[in-house]
Amino acid sequence: MSSLSLVPQLLLIAWMLPLASFVFIFLTGSFLDRRGRASGFIATAAIAGSFLLSVVAAALWFGYYPLDSNHQASSHPIRPLSGDWYTLAEFGSIKLALGYYIDALTLAMYVMVSFIATLIHIYSFGYMHEELHEVNDPQVILGDGTTLRRPGRFARFFQYLSLFGFSMLGLVIANNLLMTFVFWELVGICSYFLIGFYVERSSATSAGNKAFIVNRVGDFGMVLGLAALLTSCGTLHFDHYQTTNGAHYAGLFFYAKAIQHPASELEPAEGSRSEDSQSNPETPPVTLSGPKGLTYGLLVLAGLALLCGCLGKSAQFPLHVWLPDAMEGPTPVSALIHAATMVAAGVYLVGRIYPLLTPEVLIVVAVIGTITLFMAATIALTATDIKKVLAYSTISQLGYMMLGLGTGGWVAGLFHLFTHAFFKALLFLGSGSVIHACGTNEMPQMGGLLRKMPWTAITMLIGCLAIAGAGIPLWAGFSGYHSKDAILAQVYLFHTTNRFLGWIYYLALVSAALTAFYMFRLWFLTFIGQPRNEHIFGHAHESPKSMTVPLVVLAFFAVVAGWSVPGTHWSLSALLEQARVTPLLENSQVPLFGNVVIPHEHESHEAQIHQLVSLEAFTAGILGFAIAVVFYGARWLDPAKVCQRFFGLYRFLLNKWYFDELYSRLFVRPVTWVASVAAWIDRAVIDWTVDHAAVAVRSLAHLDDWLDRILVDGAVNRLAAAIYGMGEWFRQWQTGRIRNYILWIVVGLVSLFILGSIYFGLGMHLVVGAS
Amino acid sequence: MVAGLVFLSIVVFLPAFGALVLMFFPSHAERAIRRTTLGVTLVVFLLTLRLVLPGLHAASQNPLEQVLHDVRFAAGEPGYQHAYAVPWISSFHIDYFLGVDGISLPLVLLTSFLSVLAAAASWSVTKHVKAYSILFLLLETGMLGVFLALDFFLFYVFWEVMLLPMYFLIGVWGGPRREYAAIKFFLFTLVGSVLMLIAILLLYFASDVRQLPENARRESFLSQEVMVKSLAPSEKPLHTFNLIALAKLGQMPDSPFQEPVLGGKSVAWWAFLLLLIGFLIKVPAVPVHTWLPDAHVEAPTPISMILAGILLKMGGYGIIRICYPICPQGGYELAWFVCLLGIVSMVYGALAAMAQQDFKRLVAYSSVSHMGYVVLGLGAWSLMPGLYDPQYWKMGMNGAMFQMIAHGISSAGMFFVVGVLYDRVHHRDLNQFGGIFGRMPVYTALSIVIFFAALGLPGLCGFVGEILVIFAAFSYSRALAVIGASVMVLTAGYILWTIRRVYLGAEYRGPHAEALSPLTTREFLIAATLSVAAVVFGVYPQAIFRYMAPSVNRTIDELAEWMKREANLHAASGHISHPSDLESGQTEDLLSHRDAPSQ
Amino acid sequence: MIDLHRTLDHLSFSLSAWGPELVLCAGIVVLLLSRMVFPLGRYLPFVISLIVCCLALFLAGPWNGTWPIVGENSVPIFSGLLAWDGLGAFLKTLILGFSALFVVFLWLSGFPKPAHATDFLVLYLGAVVGMCVMVSAEHLLLAFLGMEMASVPSYVLAGFDRRARQSAEAAMKFAVFGAASAGVMLYGISLLGGVLGTFSIPQMADQLMLLAASGDYHGQAVILVLSSLMILVGLAFKLSAVPFHFWLPDVFEGAAAEVGTFLSVVSKAAALGLLTRLVLGLLGYGVLEATNAGVLPIVTFLVVTLSLLSAATCTYGNLAAYGQNNIKRLLGYSTIAHAGYMLMPIAAAVAVLFRDASLARWAIATLLFYLVTYLFMNFAAFATVTFLRNAFRSETIADFAGLIRTSPGVVVCMSLALFSLVGLPPLAGFAGKFAIFSSLVFGGLWSLFVIAAINTVLSLFYYVRIIKTMVFDVPVRDPLPQVRLASPKGIFLAVLTVPVIVLGILWQPVFMLACRAAGYPW
Amino acid sequence: MFSPITPAHYLFVGIVLFVTGMICLLTKRNIIAILIGVELILNAANINFIAFSSPVLFPKRVPPLVLDGQIFVLFVMILAAAEAAVALAIALHFYSRFGTVDVDQGDELKG
């Protein structure tokens, strides 16, 4: 136990290091080093330190709970470490605190996040080097026609990265939903700052705003989910917690279990993780807190509300619109925040609160995941901006993860999260390397870069293979092969138990093909063939070591992340398996559009399913790859280009052109049509809705303003005017003529007399009536 | 005991004394006047800080140290401290009665703190410095008095005392439409005061100290004179303005405030309504808020800081200190009304802020929106009959109180930030800004911290209050919480949009571009102090809750006790049945076995 | 038959109790004589008047032992024509205290030229004697005589500024209106005396209670109502209650500001004193037949009438003041509004009289206290106006724009006075208003209370307009005249302003005194 | 024949005088005429006083106002004289400033 008790402390230090770096850079800033290189070193050292500490912590954990033993049956079942570090506020049994909840998933995320962040810090030394000097930003044209010259912001960049590291680690280790939400917002604001890093560019700042506000829309739901859980359970802690007066209270998972199991079934012998107070003598008795109003319906609502936040953060349909715009930020940021870590936070949260999710919610997760997956993949087919392709690809892959989680594949979904983090970071960094070399994002301007930047090209090829899920079926492959197969297997299983949702599986398969296609299209367009812009090609060069080394490291992990350590059962999926949790009502029928069953994940590991899915996915991948080769790799179907370069073979190429037309009619056009429709929907419907929602809100705001000025304030002013007018009217009575005045004496006397006799008479009447 | 009263009196009247001293300064000695003003506010701040700082040796021989030790505020104590009443106008049983508890203490500190900053920000005022400083100090006396007074009459006097300096400060040192703004402020506030006066007399007339049990009379810190009178046999009622005694009267069984007066409604109901409107004008809540944008826009920067940072808080303070404890019945029956106004203010203020072209006006409307959270938090009476778990209401009340402090910091900061810019370029048109970041990076960084505090970013002070209020509102009404949470989106919208239009962008294209000089040290210190405060309270809210929560919780517990008794009374007489009793009972059954494993 | 010894005893006691008035009468004689003996003593009339007023004040003041309580053990003097009691003594003190200050004020303002000072002061002192009679009258004859003694010199004073055309018009209106209302009142007195068979107020009260006890008014109700209303008209004229107020704005505008000061402060105090004596005296101060249901119609009638009058007066005064440009006229309307406020406690006293007579005395005490605060704040406002008139030769508000630049002290005094008139704490006006409102609450006159409270808000606007002009606006006069605070006039203003603040904070002693005067038991 | 004269007859004369005086006040523009109206009103009251204090009119009982009424009348007469003197002085003053005795000309103070 002693070695375990070190784990939270190690992680605390690992968590605090980036914060310390942030505060230090914020306070010292330019005093330290005018150009900011020192800040970069500090930030990098901090995050590297975090990484090392995380590794040590993980070693301690897995030393205590080895992966290859069956813990459920052993004498010490796995208990997540949970506790509070810091109390924000406490009201009776309600405690709002910052604390830790550590299990294998937390540790894995910690290691992964700090590892990738370290690499990206190193990469940024190379990529952001021009921020060390005065920068000339050609994208910003000033009023006098010149371009903007501004001081470099190297230190600021690393300052934000440090803040992000801190926030992301806090989000991962959170032991309660409020803490999650706190860091959820903080990573959002880091994202805002980093997207808008080039504050002078209007597009960048507006993209930053868009990202934050769209995320806030999701958070709006999340806050309600939090409120629902808090008001029904009286807590937001996942696990038991202790208030300052020493009382112990149950956490959310506990309540969810109480909902799931009727009273009689819930025996202590079940030995479930969250309430085995007997088997673990260290856990004191638990008191239930809150007004205990948690019902199943409320749990569904809370789950859906929390899901809103996840959709926003993980850029899922229909809140995905901010992510492509977010590519305005520097590429390392895109790699770290908008590919590997932050956008995965939504997926992570779904995984974290899995025990609270009911089948209804999971179905929604799965459906939304599927829609996102397919839609983003089709859009990626036509994009020409290299980062946009990757952005849509990210959305699509996040959809995969959601789909995996939604169909009951907890391990599968999170497994893909990890593998995706490696290869997508790799791809983004590679694209960054390309952009760095070419100075443009447009793929039609590139081509043939393989010769100029071999390291980049090869590592990116590995990335493409990984994301496409390349591998030898039934044996081994790139990391993406393992994780994607796991998801597809679970989806297949899901489609066997829920026939009416069968289309999910087929869409997922088609998307797998599309993924392979657009990724290789990207690679071919960029690295193969002849340079399409000689000027850019001429200036292109391989990136410095600080950029290529991270690429290589990441490429290594993109290959092996799915493998198990030779000779053992130690693998990423086994690691996740250790932390696996089950959703509510797994494997039982839930009445919802027919009967929904969330299948048990282990069933998808069965050979027959696994083999079938593996082969199908392989076929799909190959298909996509082949089409990409035909169109962009070998360019057999690109007559226009060939015509330009070999003028004598014109007629031959003309025929090819007809072929191309045919193909285009048979295949390309429908696809492009679907893609363009999807893109149109994206732009014209969803984006439009988002934009016009903003416009509508603003119009509402103006209406409100108008109301305020005219109606509310107007009423006040009108009342004042009326009173004033009355005063003026009274003044007119004062005619200045004494005879009028005397008449008023008579009038006053007579009217008072009439009034008096009425009252007096009434009084008399009362007296008479009484007596 | 008397020492505490003397100490609090010094705190309250030191600024007024400073104003008196300033009268003898030659009016051209502006430097000396400004420094004296700052010095006085600083001394007051240090004195109030003395309340919360750790103690000196209690057994010290030095009498001064002894006194300084005695005047400490004991954290965690829910009751009133340093409360002592001296007869003032005994014909009306009006006492000079000051005291401090966890509810008023943070506000007192906020007042003295912001006064220092506002005094420092007053360097930008160059016209009639002497008169300005005198009025400023008088204003501070009024504000501190409101938060420390425990006698209703005294409270009212201080409440009004602020009016006059404020009127002149806006009217003389304000912007182009200052006269309109000043008179509007004056008229609105006076309407509220008059309503409050009606309620005060209503309560006074209905009150009778002799109905209180004797221990309750002692707990009310009645002055010796009244105490003696209350014990003497007489058939005449003994009216009182003592806020504590009034609260005890309002919450006792067969409260005299439950007498019906008009329209079948009780004294408590009417008094609550009148007081509420009076306080909501100050808060301000829609639709009685229109004085605020004008007053804020026209007032000079330091006065805007004071106005938004402190004056608005008096409304919220009044509601929690006076409305609810004294008139729980009115509060219970009108909870929906309070919540409705709160939520409307939140949405309405946020939308109106979004539509503004004037930077300062935008900030002003954001105040309406943010104070809406306070009203909502105060109003979300989540005690349902039969369900006497007041912890959510505690959360809401604490959240609302915290939001007041947080808004005090963030809004004062925002107004200061606007003022800094206005001092340089002499306009506030949002469409003519942009690119300030490049010209004034430090200023921009501090501004962004302050704006994000207003946005409710976790880690900054605005977050805690907002989230607690929304949580509490959820337990009162889900629809309210949904609307309340949606305001978070609107807030993010207008604040980010503002930041983008003002600070970000390529270059500043408005007038007076050459005047955009970096922050002076004085300005930097003010903005940095506010930013640091925003961060500190954001990451360490316990700093406030430590003092505040016990008192707030005690208030709520008393009200919960009252509720329980009332409901029992009604249940006994069979007027209302409580379906929720059943419901909660069932849930209890469902989960009661959860305790089984621990046997 | 007639016990001569007792009669003489009574007479000598009466004369001693009537000391202040005697001193005043003697003072008038001395003044008239002094002009013959010292024709060149420019300031002699002022000195004599001041001495006379101070002497009278000394005799009337609260320092000569406890006061008998009005209605209970009030001491009849001059065989019951007048009464010596707390109410009268308090108001006499007030009137004489004002007079002393007023003489100094006249001296400073220089309005009656020294050559005419004797005339002015003789008339003024005569009016003061009349007011002293009014506030202690226990007999309708004396009440009427006192009113006329106070009014007739006032007519002359209003027209005293012989050069001014407006002054002549003001005096004419004042005289005609005053004479008409006096006639109406006299007619009412004749009817009421005829019905009740006496002019002595305590005896009338006995008669009225007998009538009420019988429960049958023998058809005399109509005459009772009519006659009492006619008497009320006379008093309403003095009080300038709507709709009998029309003379007031014109007279205030036309007459010198000094005269306005006198008319707006003590003249009102005297009329209110008389009204209290009449209304409460006729009802026997609640001690007679307290439980009789027969008084219900009388009480209802009086409460409704007085409430209506006060509400109308107050609201009209405040609203009509809005558009005024002449500051004296504006203050005239303000005076009307305040007359409305001051009528309210009397209505409250009547309302509560038969429920709890001591609360009625409380109401009277609040009225007395309000009069004290009103004296200082209104005097301060009028004094400022007078001094400004001397400096500016103008009474138009707009001319005072930006005055704070040259005369900050005076503007501060004026602002304090005006804010006090609004009723803002911690100024005396608030204390007074608060006291009055408390009496309304005790009397259960909630609607009247609400109207009064609303009027407080309504009044803010026009008072603040004056302040706004003086403080915020840009000067229109160049050069801008100056009234220094460190001058006799400024000091005089300050002396008037200090009580405005002090009475707002430490009003307990004065209020206690008022309670004692009104006989509120402690 | 003739019914005896009762107080009511006197009161009636008083009322007629009062109303006449009032009408005089309301209709006459000449200031002197207005003052005459005032005198009429005062005398109307005087007639009431006399009527209420006359033993002749109350043969069966003591008149309500025995001496008081008569003394009142004396005072009122003196007062009326004083008031008339003052009023005439003011009228003269008015005439010297306005050149007319028409009260309607004096309407400069208003509003």
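Letters A, B, C and D mark the chains in the order given here, with residues in each chain numbered from 1 onward.
Keep this in mind: a residue touches a chain if its C-beta (ideal position, glycine included) is under 8 Å from a C-beta of that chain, and two chains touch if they have at least 3 such contacts.
What you see is a predicted model; the values in this text were computed from it and never measured.
With centres computed as the average of Cα coordinates, no chain lies farther from chain C than A.
Chain B has the C-alpha centroid lying closest to the overall centroid of all protein C-alpha atoms shown.
Looking at which two chains touch through the most C-beta pairs, you get A-B. Computed from the mean C-alpha positions, the centre of chain B lies at a distance of 43 Å from the centre of chain C.
Note on chain placement: the centre of chain B and the centre of chain D lie 67 Å apart, centres being C-alpha means. Taking the mean of the C-alpha atoms as each chain's centre, chain C and chain D sit 27 Å apart. Centre-to-centre separation between chain A and chain D, using Cα means, comes to 99 Å.
Shown for chain B are the residues in touch with two or more other chains, namely 187.
In chain D, the residues that touch at least two other chains are 25, 34, 103, 106, 108-111.
Contact of a single residue of chain C with at least two other chains is seen at positions 172-173, 176, 180, 184, 249-250, 323-324. Working note: touching chain pairs come out as A-B, A-C, A-D, B-C, C-D. Across the complex, chain D meets chain C through its residues 7, 14, 18, 21, 25, 31, 34-35, 37-38, 41-42, 44-46, 48-49, 51-52, 64-65, 68-69, 71-72, 75-76, 79, 82-83, 86-87, 89-91, 93-94, 96-98, 103, 106, 108-111. Of all the residues in chain A, the ones that touch chain B in their complex are 87-94, 140-143, 148, 150, 178, 181-183, 185-186, 189, 192, 196, 199-202, 205-206, 208-209, 212-213, 216-217, 219-221, 223-224, 226-228, 230-231, 234, 250, 254-255, 258, 263, 266, 268, 275, 277-278, 285-288, 291-294, 694, 697-698, 700-705, 708, 712-713, 716, 720. Interface of chain A with chain D (complex): residues 731-732, 734-739, 742-743, 746.
Within the complex, the chain D residues that touch chain A are 22, 25-27, 29, 34, 103-104, 106-111. By the touch rule above, chain C contacts chain D in their complex via residues 141, 144-145, 148, 152, 155-156, 159, 162, 165-166, 168-173, 175-176, 179-180, 182-184, 186-187, 189-191, 193-199, 249-250, 253-254, 323-324, 329.
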